[in-house]
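Have a look at these structures, which come just after this line.
Each of the next two complexes has chain A plus one more chain, namely chain B in the first and chain C in the second.
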Partner chain A sequence: MADIRSALATNMRQNVAFYIAIAMLASLYLVYNLMHPRGFSAAVLIQNSNESVAIIFLAMAQTVPVLLGGLDLSVGAIMTLANCVASVVVNGSPGQIVLGMIITLATGTAFGFMNGLIVVYGRLQPIIATLATGAIAIGLALFIRPVPGGNVDGDISWALTNDLYEFVATYGLFDADAAWFKPIAWIPVPLLIVVVIAFGVWLPFKRTVTGRTIYAVGSAEGAAFMSGLPLNRAKIAAFTLAGFFAACGGLYLAIQTSSGNADITQAGAYTLNSIAAVVVGGTSLLGGVGGAIGSMVGALILRVISFYFRIVSIDPLLQPLIEGLVLLAAVSLGAFRTLQVKNRLNLFR
Partner chain B sequence: MPIDVPIVKLTGASKHFSGTRALEGVDFLCRTGTIHGILGENGAGKSTLIKILSGVLQPDAGTVEVNGETVRFSNPTQAAAAGIVCIFQELSLVPDLSVADNISISAPPRKFGLIDRRAQHRRAEELLAQIKCEDVDPNSLVRELSLSRRQMVEIAKALGKDPKVLILDEATSALTSRDVETVYGLLADLKAQNVASLFISHRMQEIEKLCDTLSVFRNGQHIETFAKGAHSEGEIVKLMIGREVTAHYPPKPAPAEKPEYLKIDRLAWEGQLKGIDLCVGKGEIVGLGGLDGQGQKELLLGLFGVLRGLDGDIAINGQPCHPASPAQAKSAAMRIALVPEDRKTEGLMLAMSIADNLLAASYDRISDGPFINPDKARQAVAEGIAKLQIKVASPDDIVSTLSGGNQQKVVIAKWLMTDPDVILLNDPTRGIDVGTKQEIYKLIRQLADRGKTILLYSSDYAELIGCCDRVVVMYDGEIVSKLSGDAITEEAIVAASLNVGTQASTAAAGAHHG
Partner chain C sequence: MKLGTLVSTTIMGLMLSTSLTLAGPETVSGPGANPECFAPWDADTKYMQWSAKEGPYKIAVVNGFVGNGWRIQMIKTAKAFAEDPSMKDKIAEFKVVSTGTDAPAQLGAIEDFINQGYDAIVTIAVAPEGFDRVIRLADKNDVVLVPFDNVLDTDAVMQVNEDQLLMGRTWAEFALKELAAKGITSGDILEVRGLAGNSVDRDRSIGINEVLEADAGDWKVTQVVGNWDDGTAQKVVADAIAVHGEFDAIIAQGGTVGVVQAMIDSGHPFVPVTGESENGFRKLVAKYSGEGLKGISIGQSPGLVAIAMKAAVSALEGNVMPQLISVPLPIADYTQLEDGKNFWSELPDNFFTVNEFPPCGVNISGPSIMAQSEADVK
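Coming up: the complex of A and B.
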């Protein structure tokens, strides 16, 4: 018992930033719902989840290169590319739709893999390599979809952007009004997708040697090398996984909007917001500390803050200014820890 | 099976780095069931030798044989697979991962392809228990551990690889004496299990006590391998440096009452310093002794303005002073200098030139207004290099190209450039060669003779005895013993370090004063 308690205390101490982020998200969302005229309703929850999926995936994508100690400036562009690919291939028979989704995800994953190869074998700094490949991804996206448009299957669009009830009813999987289904029928499908991918992909990955090597590289690359860890494999895997998560975001965006749009401004904004979400979620930009689950929470915090603008009457012109201030305040929370450091040398370690 | 096949054999091994030779035609062999000591000054080629054996470097020429078979390791993993495991002087631990993660890092126990955390935790506990480190929590991050604990984790990690040849490169330099004993016991056990240990250390007593076979390297060449006892200590030193060392330490001046300069009163911090009272006179060298991690480093850091929330008073030359940062501590009002413990992270900016490193603490002296004056800078650098006789090809070379001893000289020269009155030295001779050590001892004495106030922490008792006018021994954040003159003996320091019989030694010191 005492053992478990001390292990728990160790865990709390080592993940303070993550727990602070969770507490912050919970209180922000609670207050939001209290202030919202239709707060605590399924409709609000579904709408909010829909609007959060893309940035959550991008934040998770950004997390992996950041853990290495790098930055991936191409995640927004890969999302845009996947979005455009999906707008072409995700339609037709159910089999074709599934194939189309696989092609979309494979495109982003392959692009991430290429990023990894360039960083490892081209011996380039990730930030500059991905700045270039990001432009290439946008170029490809524009080539595929010079003007916004596309025809994503309507059923899948409806089924994946609503609650479980609609999902089951759309495809007639079973009787959606069954009594046993009632307690979970309200869960928004987008929320489920995010949680399943975050916990189904990230957590197992973190427990592989490759995953652990990513942390080791970000923390002390020399020590990782001396321990005989697979450095190159880990770096390539990190960018590949980033490509996969970014493609998930792009695919969802296509399903949500039923179209593709090679929007350069949007790609850039998503990339920068993904970095903000990673930091708010407790991942160190120096590498080695943090994780994708934290980034998911960080992305949600950023989204909830922007939701507030809808229910509080603020001049839209002031919105970016206020968003900036709030973001600054949010990341400053992480800096409070440094005030408690009694040995100043530890600030630099 | 012929017993005579050596476990490791090098033939004609050579390695060059951009023109300088690190190893030249080395023939070397090591047998199972031995503890094989490797001696040599820094730059003698010991590090290169072990890096080749452990797969970090590949030889330019020559062959490596393991158990009679020629091998060529292209990375440390391959060497570990062949049973050659190295405990590096520069720690190979990942600070942001847990102790258990680190111990099993290269081949963690797995279940369904994923790392089995419970098995990993158990394994860490077992290995830590084997080296009597049950106090280390496998869940804690390596970042949270002290240097000596990290070193023990490093040893546990190496043991976990089931070595046939275990290489210890200065592995005991950061350990507490209790841990050192544990490591000695461990090496004896490994010897009984027919494991070969290669032991590299700068501490002669350690090698003498532990090893059964000794090899001396000098200048990239293997000079001689012999059984312990075949040469006397003096002869070995002669083999190492090619000249006879007569006086280890410069002579001490006759004890005299020195005017009080640095006065520390009831200094306390975070439970690691518990009311330190200490006076150091002008021109006096006071040694800080004791086991590793008893507050000595914190005391030096506190005096240098690194620690927050320090209680108590510090006075320099009668003026109360409370440095809030290293920048204030080195300012004209206080003139304090600290040569830090870890020259690679706190002492030097490794990627910058020797000149930039030398100037780093004294830009205000070589600047005209906001601009650095290149003439003054060049002159200051030349003076610094000449004063400490740093061996450099050009001051514009990157500082990391220097040997450890010369790097340390750069750190010391950097601080002497600020013309300090109080010099704090944190283990300034750790991991550097005998020749440079002696130069540093001489320099410390010269500085004291010129009226500097010197506080020297050293993990080497002989150094405290040889260099210091007085020695204070710390234990658990307190000064438990103050020794001076003839009372500074190894027995007195060791006893005080273990906090046994301190009454007697304090009394003896008091008697000496009276």
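Coming up: the complex of A and C.
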């Protein structure tokens, strides 16, 4: 029992930034709901989760290269590419739709894999390599979809952007009014998708040798090499996984908007916001500390801050300034402990 | 069956609100209310009518990108118009948010205002597609959604815009006319485009190229992307001149001050130039038109936001409205410029000269709106 408690205490101490982020998200979201005229309702939760999915996936995508100590500047571009691919292939019969989704995810994953190969075998800095490949991804996206448009299946779009009740009702899976279904019928589908991917892909991956090697590379690459860890495999896997998560974001974006749009500005904004979300979520830009779940929380914090502008009257031209200030405060909270310690080794104890 | 089930289940399952009697506007026959202000796009434009609601109304403006002069002037105009005596009593609550170039955030903001029980939402769409879900929700909740400026590729909502295609055509026709007057009937034309992927940019460019292709002369068009921004436009035009040499005319969509500045800096001879309604552009044309800078200035007015707000209120009052409202193009060429009337030589370059639309009771002029401090507008 004492062991468990001390293990928990160590976990808390080692992941202070993550727990601070969770506490911050919880309090921000609670106050938001209290102030919202329709707070704590399913409609608000659905709207909030729909708006957050793309940025959550991008933050998770960004986390993996950051854990290595690198940055991936192509995540926004891969999302845009996947968005445009999806706008072409995700329609038709249910079988074709599923195939289209697989093609979309495979495109992003393959692109991430290519990033990994370039970083490992081209021996380029990730930040430079991905800057270049990001431009390639945008170029491909523009080629596929020179003007916004496309036709993603309307049913899938409606079903996946609502609560479980709508999902079941749209496809007539079973009687959506069944009594046993009531307690979970309100859960937004986008929330489920995020949770399933985060806990179904990230957590198992993190526990593999490859996953742990990513952390090891970020902490001390030399030591990891001397320990005989598979460095190249870990690096390639990290970028591939980033490509996969970014493609998830792009696919959802296509489903949400029923269309594809090779929006360069949006791609850039998402890349930058993904880095911000990673930092707010407690992952160190130096690598080795943090995780995708933290980044998910970080992304949600970014989003909730902007939710406030819709319920509080703030001068529209001051909103970016205030958003920046709150963001700075959020990042500083996580870094507070770093300022206090005399010996940086204490951070890892 | 699917749609029917969807409609009913959505109302039951999603919306806990009480007033669910009606779903969206009805298509009716024209003419609409106040046709001098709310002119239908063309003869085929259909008319819409929402059930009348009791005022005062809750109105939100959901802007996308923010950070250029046009958007700032638009936001200031929106706030000033909400305080205008003709509108003040009709508005219970007024909010403006900018989401940045972020489609999920903009869709989310619109849905949030629908959830909050707003009566009308005025928006500049970040993309011409992708709004199906919020249009559906707006109709379910009898919310009037009014995209303006960057409009949607749909006829399911009421929209307000200037005819971008016509604007492109007018620019190209002016350039050809001026070139013909100089005796030039074929040659090189530089087209400076706006933000990529945007419906306004697309339509203007289509209009420009339609006219050039239909012309008997052989025109070689070089395209550069200036993002409607002075700095970007100046850079790309300077690059184009450096690489290509001389052009016979420059057809720009915006960032026109930068375009002309690039010509001056590179020693490019003055040629016919088309552009937006920036005060600085009009100043330059007035100054140099004698030396060959024959310019035409057509404005996409930031005052469109005021017309969109007025249209939203009119729709909420139950009036018959055209689905697509056409606001006349404010055109001024080098022969029509008059200091203190349609440009102001003592005022800065970076505001848009056309802001007021007297037939609509929108009388907030460019200089007055930009002269006001934030405190004054509140």
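Convention: the second predicted complex is superposed on the first by the 340 of 349 C-alpha atoms of A that agree within 3 Å, B and C clash if a C-alpha of one lies under 4 Å from a C-alpha of the other, contacts with A are read in each partner's own complex, and residues count from 1 in each chain.
Just so we're on the same page, a residue touches a chain if its C-beta (ideal position, glycine included) is under 8 Å from a C-beta of that chain, and two chains touch if they have at least 3 such contacts.
None of these values were measured; they are calculated from a predicted model.
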Have a look at chain B and chain C on chain A after the superposition and call it: clash or fit. fit
Of the two partner chains, chain B (first) and chain C (second), which one does A:44 touch, if any: first, second, both, or neither? second
Using the touch definition from the top, say if A:15 reaches chain B (first), chain C (second), both or neither. neither
Per the contact definition in the header, classify A:223: touching chain B only (first), chain C only (second), both, or neither. first
When the two structures are laid over each other on chain A, which of chain B and chain C touches more residues of chain A? C
Take the Cα centre of chain A as the vertex and report the angle out to the centres of chain B and chain C, nearest 10 degrees. 130
Once chain A of both complexes is superposed, is A:204 in touch with chain B (first), chain C (second), both, or neither? first
After the superposition, pull out the minimum Cα separation from chain B to chain C in whole angstrom, please. 36
Going through chain A, the residues touched by chain B and also by chain C turn out to be none
Could you please specify the touching residues of chain A with respect to chain C in the complex? 36-38, 41-44, 46-48, 50-55, 142, 147-150, 154-155, 157-158, 161-163, 165-166, 169-170, 176, 185, 253, 256-259, 261-266, 269-270, 303, 306-307, 309-311, 313, 315-317, 319-320
So in the complex, which bits of chain A are touching chain B? 6-7, 10-11, 14, 204, 207-209, 212, 215-216, 218-220, 222-229, 288-289, 341-345, 349
Residue ranges of chain B in contact with chain A within the complex: 56, 75-77, 80, 88, 90-97, 101-102, 105-106, 108, 113-115, 117, 137, 139-141, 143, 157, 269-270, 298, 301, 306-309, 325, 345-346
Report the residues of chain C in contact with chain A in the complex, numbered from low to high. 2, 5-6, 9-10, 13-17, 60-61, 63, 65-66, 72, 75, 79, 95-105, 107-109, 111-113, 115-117, 126-133, 136, 153, 195-197, 199, 202, 374, 378
